[in-house]
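Input: a single structure, listed below in structure tokens.
Letters are used for the chains, namely A, B, C and D, taken in the order the chains are written, and counting of residues starts over at 1 for each.
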Amino acid sequence: MRAVVFKSPYEVNVEQVEDPKIGSPRDALLRVTTSGICGSDLHMYEGRTGASPGIIFGHEIMGIIEEVGDGVVGLKPGDRVVLPFNVACGFCFNCVRGFTSACLTVNPHGVSGGYGYVDMGPYRGGQAEQVLVPFADFNCLKLPGSEEDELEDDFVLLSDIFPTGYHGAVLAGVFPGSTVAVFGAGPVGLMAAYSASLMGAGEIYVVDFIPERLEKARQIGAIPIDFSKGDPVGRIMELRMKSGLKPGEEKMPGVLCGVDAVGYQARDTKNPGKENPSQVLEDLARLVNPTGSIGIVGVYFTKDPRGVDDPARKGNFLLPWGRFFEKGIAIGMGQTPVKKYNAILRDLIVDGRAKPSFVISHRIPLSKVPEAYRKFDERTEGHTKVVIKPKMH
Amino acid sequence: MRAVVFKSPYEVNVEQVEDPKIGSPRDALLRVTTSGICGSDLHMYEGRTGASPGIIFGHEIMGIIEEVGDGVVGLKPGDRVVLPFNVACGFCFNCVRGFTSACLTVNPHGVSGGYGYVDMGPYRGGQAEQVLVPFADFNCLKLPGSEEDELEDDFVLLSDIFPTGYHGAVLAGVFPGSTVAVFGAGPVGLMAAYSASLMGAGEIYVVDFIPERLEKARQIGAIPIDFSKGDPVGRIMELRMKSGLKPGEEKMPGVLCGVDAVGYQARDTKNPGKENPSQVLEDLARLVNPTGSIGIVGVYFTKDPRGVDDPARKGNFLLPWGRFFEKGIAIGMGQTPVKKYNAILRDLIVDGRAKPSFVISHRIPLSKVPEAYRKFDERTEGHTKVVIKPKMH
Amino acid sequence: MRAVVFKSPYEVNVEQVEDPKIGSPRDALLRVTTSGICGSDLHMYEGRTGASPGIIFGHEIMGIIEEVGDGVVGLKPGDRVVLPFNVACGFCFNCVRGFTSACLTVNPHGVSGGYGYVDMGPYRGGQAEQVLVPFADFNCLKLPGSEEDELEDDFVLLSDIFPTGYHGAVLAGVFPGSTVAVFGAGPVGLMAAYSASLMGAGEIYVVDFIPERLEKARQIGAIPIDFSKGDPVGRIMELRMKSGLKPGEEKMPGVLCGVDAVGYQARDTKNPGKENPSQVLEDLARLVNPTGSIGIVGVYFTKDPRGVDDPARKGNFLLPWGRFFEKGIAIGMGQTPVKKYNAILRDLIVDGRAKPSFVISHRIPLSKVPEAYRKFDERTEGHTKVVIKPKMH
Amino acid sequence: MRAVVFKSPYEVNVEQVEDPKIGSPRDALLRVTTSGICGSDLHMYEGRTGASPGIIFGHEIMGIIEEVGDGVVGLKPGDRVVLPFNVACGFCFNCVRGFTSACLTVNPHGVSGGYGYVDMGPYRGGQAEQVLVPFADFNCLKLPGSEEDELEDDFVLLSDIFPTGYHGAVLAGVFPGSTVAVFGAGPVGLMAAYSASLMGAGEIYVVDFIPERLEKARQIGAIPIDFSKGDPVGRIMELRMKSGLKPGEEKMPGVLCGVDAVGYQARDTKNPGKENPSQVLEDLARLVNPTGSIGIVGVYFTKDPRGVDDPARKGNFLLPWGRFFEKGIAIGMGQTPVKKYNAILRDLIVDGRAKPSFVISHRIPLSKVPEAYRKFDERTEGHTKVVIKPKMH
């Protein structure tokens, strides 16, 4: 089959690789109908993770079951499914408590398992024609309808970015009527803002500096804040004070819920051309009101060969801890346990209450993937979110 | 001042009564701008509670502060506020845990305190020109804007039915994507369905038999079910199975979240002219799926002089307990602790995300109150929700 | 192999039956080292459930893995394990949310799956020399040590009654410093009281009328209440008022947390020889303070051929609903999802912080099982909790 | 009256100051029977906070009500009470949600209000003969008994360190059976370990280097770890692996719950004479298992005139953020909202289930306070926790 293979920083190829085969009675073999390119793939692509050449990329995967092992009881050939990006066993101490992002079984050498990602185990990625699904009963979410229907592009987002944005909103403590600020209007940030809206948030601010992304934020009812035009924290507080703090908020002109959907490659507000890995957390420390919460779904790594300085290369950053403490902020972070959310988000899609595919900017065949990586990495030509259709030519 | 006084079953008068006066340093005196007639007022009106003549009715109250005691620090004359129907002290063991509906201070002889209601303490009601607010700092929710603005009729619903509907949805465990059934499309049932929608519910069914009410349910995106046309449980399951159970729901064609917004005066499904106090709970026992939850905000009393039989007159009912147990249902019930929700719901109104006043059918002067009670009680002329404007003539 | 077979009401035999065999790649075959006789086995034994002859009883099972299917990855022969009484798949919508007591996969004809129990699927019970474990990775909890060690009898209680008692305390909302009343001092009631104590409860009352059981309650630091000596509700309130209500409790002389560990075969307080299925719930309605919670782990069935009256035979009971509503009580109930608790309770045993085996009164070989059922059913000779040792002679 | 007055770094005096007087109808005047010297008082004492001379110290206060204002309804002269160290109004948006540590009313210029502390408002401290209590109904917790009884020294700890230790355990997500590590065996660290034990924790490690403190940890059933004898993280993992990881923990030899009860004046593990403000957080990042939680109750300030370097002087520290993210750690921090816990902890004391006074090392008259500050600051002569008895001579 054909698959997207990482060759070296800034180079991926579409290559012919060996077909996957059922190995364990609990495996399923999936024909991929749609898979996504994720912002976190760019971390590997740019050589910012220590990923070795040869990895088949792709952890946002959906498709049709082609074959199942003898021990699979809940799936059969022809079933339409989407996979959480996390590979998980479903029975270990962590999985049972809902933390499939820290499965103790599937990756002996790391915290979590996943398809096509550095340090996440031996699982081949899904930017390919086929993929093998371990513990298939647990790792497949069944979908209604067929691959031709209009929900395909909504469903594929259940593999990662919709649940990840939702997780960000959950960790940020979003509740009906709450004030929310999302830093980053990339696909995950947009999904976080969209999720906050589904959860009943009152005011939602989205901070970025790319016009197309800010425009998408505006379209889903959020208030776009362009940090290249001045301090976003000051700007949000100003807007809130002007448009009317609610009674009781006079001492709290910030927001109660903050989402970091950017991570360690944050840009310096004063100089967007420069990287400043603490920028978003510093902004949130100023913006989030006392008693508030911060959800971090933008990635921070423990090693980054190209980090801005020595501590950064090991994942250490200078943070405004005194401020966080003074305000009594709660901070949640880490990889999303997709299985905790994917069924309920699927149901919202099926019910017509959520339509996350608005975030998708490009649909391409496998052959166009190398070019798409380049453009997505450069954020050119409106490359917000690219999905791959292996059947397309 | 003028006020609505209970005289005897089916009789209320508008009478001249003594003006309220600041008694404690923590009191505030409120000029009432809007107050509501509540379905629970009808329980007293019909002689179904043991309420004595002389009570000034009205526990849905908003207005303008006219005067405050020396010990009130957060309010001043001119402030616009809405009151929770519960009177509460704010400092007892229950209030501190959020249970203002079971304040230990304000009503030595009952579980909870409230304005103008039987067994809820000495507090005069707000279907009047003025009302005295005890522990005013705690019991007033400040509002932006002025009494002439277009939010007045949304804000008044923060005193009871909006938080009460919301509480029903909370007790029913509503979450994004959930399936919900609300029994009763009176004002509280409509607010429960509306709240479920704000919380991101997927499918919402509303059961009643009055066409105007079912029509309002439809207008807010719920699916109306007319029980006078056949078993509502069977009808909902049929609709769900036809329109497409989601994968995994095959064994669960009911709903996960049920709200009882009817209470002890439920009507018999097979014979709507007859009262059957267990009807709604029996229906919910059949309809709610295993692992589901039921929130009960329709009232059940411990004494009802006109109950259908001896046990019912003491608040005892025959219930399908084996069924609830088998399914592992969680049941929450009781008066709403309004203070837990009123600020966040106010914020949703201010942000333009909630507009609960759609439920209001009539706006009347004090002089029309006796007539309005009669019509509301008979559910005639579309009397869904009546609010009183003391200034109106 | 030999196994305990239900023949007819009040009759079980030890018989030679066919050996179990690995059927699916996900099965494991267990040699039983210890299994328990549960109070809920008595419901079948007495003909109070509609169970058919031929069932092999026993859902409290631990032992040593003898053989595993090809698809089992986390277990190997020789592993020591204990099984939750619920059989569950681990991957359906309910299992993933922690409700293994309502698995959608393992029992097409009922709410839940279990070993050796009426209406809980085709799974043979463990009062036998061997048992087959479906979905073995998910349904086995691994244990340290060996079958000869002194923790064997603590570990076997992880299959049902320790988690069930704990679940009762959880549903009753037990928190550090709380006041708790447990109705029933059978094995489950004792485990509920013991769990409340592990969770930091302040005062724990246990209500029963069998002296040996009340004595065990006393030994774990609970206050025994003998209902045959007078109204237990009045007695508890009296004790609380005398020994000192805490400040703020003056209006709440009851308890905040109530556990029903009795169920539908409750005895009448005034006449312990008579059954009164509403007795415990009536008592709890009087005893539990406003804002409190009730956890029900004593069983209520939907059919009972020998119920006290017609409604009772269908699982319908007359309940003090007005009282529950007035007090705003939260009620949780149903079968325990054992998997939610068994690992943490195992850890408490391993750490020496919990020693639940105090509840075991008898250890017997298979041959003595018929006699033990009779005596346990009659509560004679101190038969509180009987465990079977298939190896014993 | 006499009171302890801050003069300059390392200097406090006992001076004659003006008597407090009821100012608002909601004030109460308290005769102090016991008050504590807190580790956080030392931050001011050492000139590490920017506190100005003239402050009357003391935020751990209990005593007898002498007089109440006209608007106080729940207290009368003679009542025995203990105060939360936070001053709070009880009715603002934050107090109503339980965050009395971020009251919006009582301190216009800071996040929170408190007695006798820098930047926490105008409230005089309680290391004095009397103290004025604002919003007295809300800020006094009533106690049974009299000042002469043996619970006085337990009750005084309800003002701060017992709830603060408990809050640390709550933020660290302690649950029955959990593994816990507390850094710091000062009074708050010991209370955190003690609270974890009350909550049912399985294994509790306490890290410090002062022998008397480690000995107290041992006495309450925790495992003491002396960091001056080697890396505490390695030591705890070694102990856990040796004494037996539970099944499933093989990949998680750390702990699930970590408490930082040290704060910004942490000492360097390799060189205890040196300050290293990131030390504890670095240790926790290595020690806490994936999916775990960290509760921070040791203080981090936004300004520290004597910090180890420039960033530290502004409350910025270099932190292992990549590690926290990789593990998906939840971090909670900040001042304790005492009112959330003090009633239930009082009840545990009254019930004889908690006896926190084991932590108190010295009881002194006011005249000995200057000397006690010096010795407590030097941790000499076993000064773990000093309480002041104003009546003593």
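Basically, a residue touches a chain if its C-beta (ideal position, glycine included) is under 8 Å from a C-beta of that chain, and two chains touch if they have at least 3 such contacts.
Remember, it's a predicted structure, so these values are computed and weren't measured experimentally.
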For this session: Kindly point out which of A-B, B-C or A-C repeats the C-D interface, defined as over half of the contact pairs being the same residue numbers.
Result: A-B
Seminar exercise, completed: The chain pair with the larger count of contacting C-beta pairs, comparing B-D against A-D, is A-D
Problem set entry | Distance from chain D to chain A - Cα centre to Cα centre, in angstrom | 39
Exercise. Taking each chain's centre as the mean of its CA atoms, how far is chain B from chain D in angstrom?
Worked result: 43
Exercise. Of all the residues in chain A, which ones touch at least 2 other chains?
Worked result: 92-93, 248, 343
Problem set entry | Parts of chain B lying in touch with chain C, wherever the complex brings them together | 92-94, 97, 99, 101-102, 104, 108, 111-112, 248-252, 264, 281, 290-291, 296, 299-304, 311, 314-335
For this session: Would you pull the chain A residues touching chain C in the complex into a rising list?
Result: 24-26, 69-71, 73-74, 89-93, 96, 98, 105, 137-138, 339-340, 343
For this session: Would you mind writing out the residues of chain D in touch with chain C in their complex?
Result: 141-144, 175-178, 198-200, 202-203, 244, 246-248, 343-348, 350-351, 353
